[in-house]
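The following blocks contain the structures, represented as structure tokens.
Note that chain A is present in both complexes that follow, paired respectively with chain B and with chain C.
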Partner chain A sequence: MQVNIKKAGKSKGFSAFTAALLAVLLGLVFGYIIMTIASPANSFLGFQKLLMGGFKRIGDVFYYATPILMTGLAVGFAFKMGLFNIGASGQYTMGMFFALYVGFMWKLPDSVHWLVCVLAGMIGGMFWGLIPGIFKALLNVNEVITSIMFNYIGMYLVDMLIQGNATMYISSKTRTSYLPASAQMPSLGITNSSVNISIFIAITAALILFVVLNKTTFGYELKATGFNKYASAYAGMNGKRNIILTMAIAGAMAGLGGAFAILAPSTIAGSSMTYEPVSVIAANGFNGIAVALLGNSSPIGIIFSALFVSHIQRGGTLASLYGYKPEIIDVVIAVIIYFSAFAMLMNAMVGNLIKKLFSKNQSEKILPADPKEEA
Partner chain B sequence: MDTFYYLIQNTLPVAIPLLLVALGGMFSERSGVINIALEGIMLFGAFFGCLFVYFVQSTSMDTQGILLLGMLVAATAGFLYSLLLSLAAVTMKADQTITGTALNMLVPAAILLFSKMSFNSDGITTNKNFYVKEVPALSEIPVLGKLFFQNTYITVYIGIVLLVISAIVFYKTKFGLRLRACGEHPHAADSVGINVYFMRYAGVSLSGILGGIGGFFYAVGVMNGNTNGHTGVAGFGFLALAVMIFGQWKPFKILLAALFFAFLRTVAYSIALIPFLDALNINQTYYKMLPYVATMVVLAFTSKKSRAPKAEGIPYDKGLR
Partner chain C sequence: MENYIIEMLNITKEFPGITANDDITLCLRKGEIHALLGENGAGKSTLMSVLFGLYQAEKGEIRKNGMVVKINNPNDANDLGIGMVHQHFKLIDIFTVLENIILGVEPNKMGFLQKKEAREKVIKLSKQYGLEVNPDALIEKISVGMQQRVEILKMLYRENDILIFDEPTAVLTPQEIDELMEIMREFAREGKSILFITHKLNEIMAVADRCTVLRKGKLMGDVAIKDTTKEELSKMMVGRDVNFKVHKKTKELGDVVLSVKNIKVSSKIHSNNAVKNVSFDVRAGEILCLAGIDGNGQTEFVSALTGLEKTSSGIITLCGRDITKATIRTRSISGMSHIPEDRHKYGLVLDYSLEENLVLQRYWRPEFQHFGFIKSNAVRSYAEKLIKQYDVRSGQGPITPMRSMSGGNQQKAILAREIDKEHELLIAVQPTRGLDIGAIEYIHKQLVARRDAGKAVLLISLELEEVMNLSDRILVMYEGEIVGELDAKTTTVQELGLYMSGAKRSTAKENENAG
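Let's turn to the complex of A and B:
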């Protein structure tokens, strides 16, 4: 038994898992403290809702997990190569726009319409991810700055294009009109929830990325470049091509996320999801960063972290029954990311502490023997 | 000519926050820490500055005095918030970009939470106007008076003073030299007895102070003394990073870069007042994208031979010497 624990403790995946757990724990404790300060009387009930509320809305948890699972993959996949794709928001918005455009403007047979919309969203995101990749590979511009700038450019561009299109936009309601039913994704039929088949596509995408990263030459090169770009260049890997390719794939993932979010079926017949052009950068892109970090950038880990983040987001919405604002979840998520940035280190420190305690116990047992030997 | 005066008068209050925040970024990066949290630090400073103004606005205090005190509050807030970055990035050797992103995400959420609970709004709205119609005597100078001493904010003059102080500290003091050494080759700096951890804490703290002030000046000069958790500082923290790179991590080049960006932004927001641009009848959104597009174009041309501090972004580990 003891040997097993020791072995597990040494494995990399396990320590990443406990590190994420530690960060989540600290984030939740922080959230509880804030809730207690805000309104001490309800803090326990509110916190309970925050933790457990999601279980009563399983359909919604999966529905809201889908877009952040995709943006999480967009961030995590680029991270494997040492690129920080903070531009998932822009790629997500672009994907959403492309999907909307095809949904409204193209007349296609019902059976394939939504599929083409999804593909269009993927292409839109890919295009928006390609640009920072090209800037990084060919012009040596830091991808963090580029993708932030393209978040803003994309947001303004999409808002303008939507507002300028009379078929897509109802100016009196300041939102897009309802998508035709053929453009919406098939629902899974859970009552009062928009959960649809996109969650399966998203999980499949994560599995494909897992295979690409672990079983292909490209994935190997990508990770090698992430570990040490000079060594991989010396070994003859084409760094520039790989950077552009990685960013394009990452963008495609975020674009799919945008398409999934906007093409989801509505629970009310005859309506659909809508987009409001209000000049605010899509929050799902930033939540993707949280998801990717919590999942340690591993596609499999990201599936679970997306579900977790979505779960506490639902819980946070329900905590408003006790007068808590849903923003509390954004605070908790930010704190979790902050701690997860050095969770590995904290993890090692806690591990050492436990080891020290154990070895102290052992040495105490041995100690009495020593004086006798001396004597 | 009046249009020109108008553009310059409106450019300066926008340029100063960019300048100060970019200077802050310069101190941090030249000490070896990438400070992507500037956006969050700005908003944090702006929020506490405005909160202070909100509480004292009904007292009989002098308007410009309130501004100065608010500036100190914002600087303190920025300093304290930046300690979170130093703690993670210097002491705990965490990834600087991730930590910065977390700090950026925390502030808007916390502000929205606080404002919704205490004020039932998305931010803080004050009724103070810090606008200065004309500076006595100086505004009489022909041309210059009109350009720099009419329809302005005192933030402009404070900003210039802070620029000069920063440049002196950066180039003419022992402290500045040591700070720069820590960003280029921290192990060499350590070998001659410089405390790298302390210098990096100092660099990040200076960026916190300047970032907090910059954020408050943004709230004063651009937002009419208000802060809002939704729009925040509209990416000014990130623009400031671009300004810093464009300014090649050097104080006076940063001033020029900040003026360039602020001018573009001012043009974008006052199209209706510029007859020949208005006549072109281009959608205003294109102009709003202009500062961001210009950033990309500029970076594309300047990044190839980047003068970035060599050790930036790498946590200092004594054991690796």
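Let's turn to the complex of A and C:
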């Protein structure tokens, strides 16, 4: 048995998967500790709701997973090339704005209106990812700095543009008006849930990125650059073009996320999702970082980690039934997500720990048979 | 019963697909220099890593002074006085020499670093053993020879008395090698015990007391150096006689393949040019060697020639095409193959598999891709062909992670890739660094075969024997200039040495005057 575990442990995919599971487990343990500190009496039931609640709201789990799946891809894909795309929030917001703009301002046939909105969102995000990419490639400006700046520039710009547009903005309600039905994504028809076909588009996007990374020459170049930029230059790869392309694709993913979020159908007829221009950076962008870390930057891993994060968030809202304040729930969720992501980052350390524990076990097994006493 | 300081008894260590050490026993006496010899991938580094606590053996035991010890990690090894200089150094580039030496054993008073104390100790040690270093230099700015001194000082600083050297001489210049040999003798006189891995039999004959020979993970034997010869050792290790001399036919020279004119390259370290006004031609059917002591501009020259760095001025023409400003890919397509000096920095993507590394220069060609999709079957069969042809040994064949392969086999993978790629000009920088003698023999034959096939070969080597053996023509570089051109058939090692040390110069001045 032990031998089997050991062999399996050596395959790469398996070890990434076990590491992720372990990370999640550690995150949950810490989450539970926080809940116990906050309210010892209810911690068990509350935690149970947190863990299981999501299963009662599968539709919503998928619905809320969609945007963070996209921002997760935006971060993870760039990370494969060694770029830290912290600007997913800005790209997300830009994508959302482009989608909103087309939704309100363009009159198109019903059948294609939402599709064009989605494409516009993708282009918006791509544009906002492209700029840090160009700065990095041509001027060697660190992408972290540019993309943080572009988070703010994007957010304020979008807020300004929306507030200045009478068709899009209802100032008395400080939010955007309702989108026409033709601009909303087709629902999957689950009652009381906004889940819509965007989850399928998101999963398809992840699968496409998986293929790009693992089966194409572009993916080969991208990963080679991420692993060793000197060797990729030595091999004649066009680093500048690849940086720009990668950031554009990453931005497009985040932009799609923003479009999916705002174009989702409302559960109440005659309304829609709305955006409040209140100068806050989109949290979904940052959640994307955690999703990408937990998914080990692999597109397939990111599908699962997005679902997990969404699941915990749904469960968390239910846990408030047991008297937990929403803030505490937020803390617990954040602890679980970020601790898991952090533990994933410490992948190597966790792996070594297991190996060490394991090798101790094994040597103990061998020792009795060892002719040690002879000396 | 003999008194051994270290006994490694019946060590077995397995990796996926391979038994790297199969029931190996090695015993080290106090105060002796014990060489470890074996082909690439024979398991030398693995065995030493077991002793240093980096790997745990599945079977066998280690004793120090007759007592069984358990070495779970390098800290345990350090507590037992065991230190190791790794085949690929483990220094932190952006730290200074001093910081690297004290890393992990920083002297402190209540958590505050006592750098002054450490500095004094380092300076004292470096004086005592003639290991001159600048404690405040950044690792990334100093030569490999210097970096190795830092590694040695690291062991001395920790007061280790069992010292493991894993191929220390592979990266050194002949002068540095002589110095290192002297230092090792000094250590042995002081009663330190040394384990020494090298592929160079001359070094073993010169300093070692005994030699343990491995082949494909198995123990071949353990001999006293005074009772053996180079030939016997090489036969023990490879299982056949090795021919040290390369046979070359005389060869008609063809057209000029590479022509460089008035190349200047600025230096990263000082304000002067690292390469000053270098001009020469390489013709089809010749092996031209650029010889010189390390640090005289060869590295910078090759970087400029291959496109890794920019030239400040001058013209490079390859097969009649001006490539002075061309991209690396264009140079490659125009017929340039490049075996780089630093295999880990440039030559390989360590996190890729062997097969992915073997197509690093050609993945974009129609044979290996179709509309941007990589043809994995074509990659696999191409990799298998090269692995077989060049005898690249690894645990799992094409899918072996490059990082897990032995140093010499990593080098063979690069050689296979670059020699097999179509080229008119093969630039080989230290091509046989870290290879075993059997592999060197094969690679030398391959390089001569390229020449005989009418290709131009530009060889950059620090190894005089290799230079004398392979070259048709030798250019000597000194302080960024070509100071002499020698005919390999008529010159001697002594004459070459004079040019390399700057004591003698000829053509460069004349050229300058003429031009």
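Assume the second predicted complex is superposed on the first by the 320 of 375 C-alpha atoms of A that agree within 3 Å, B and C clash if a C-alpha of one lies under 4 Å from a C-alpha of the other, contacts with A are read in each partner's own complex, and residues count from 1 in each chain.
Heads up, the rule we're going with is that a contact is a pair of C-beta atoms (placed from the backbone, for glycine too) under 8 Å apart; a residue touches a chain by one contact, two chains touch by 3 or more.
These numbers were taken from a predicted model, which means no experiment stands behind them.
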{"item": "First (chain B), second (chain C), both or neither touched by A:T204", "value": "neither"}
{"item": "Which of chain B and chain C A:T174 touches, first, second, both or neither", "value": "neither"}
{"item": "Touching partner for A:A231 - first (chain B), second (chain C), both, neither", "value": "second"}
{"item": "Chain A: partner with more touched residues, chain B or chain C", "value": "B"}
{"item": "Touched partner set for A:V331, first chain B, second chain C, both or neither", "value": "first"}
{"item": "Chain C partner contacts - residues on chain A that touch it in the complex", "value": "10, 215-218, 220, 223-224, 227-228, 230-238, 356, 359, 363, 366, 370, 372, 375"}
{"item": "Chain B contact footprint on chain A (complex, rising order)", "value": "34, 38, 84, 86, 135, 139-142, 144-146, 148-150, 152-153, 156-157, 159-160, 164, 279-280, 286, 289-290, 293, 325, 327-328, 330-331, 333-335, 337-338, 340-342, 345-346"}
{"item": "Interface residues, chain C side, partner chain A - complex", "value": "16, 56, 59, 61, 63, 66-68, 70, 72, 306, 308, 327-332, 338, 340, 345-352, 356, 360-361, 363-364, 369, 372-374, 376"}
{"item": "Touching residues on chain B, where the partner in the complex is chain A", "value": "36, 84, 88, 92-95, 97-99, 101-103, 105-106, 108-110, 112-113, 116-117, 230-231, 235, 238, 241-242, 245, 283, 285-286, 288-289, 292-293, 295-296, 299-300, 303-304, 306"}
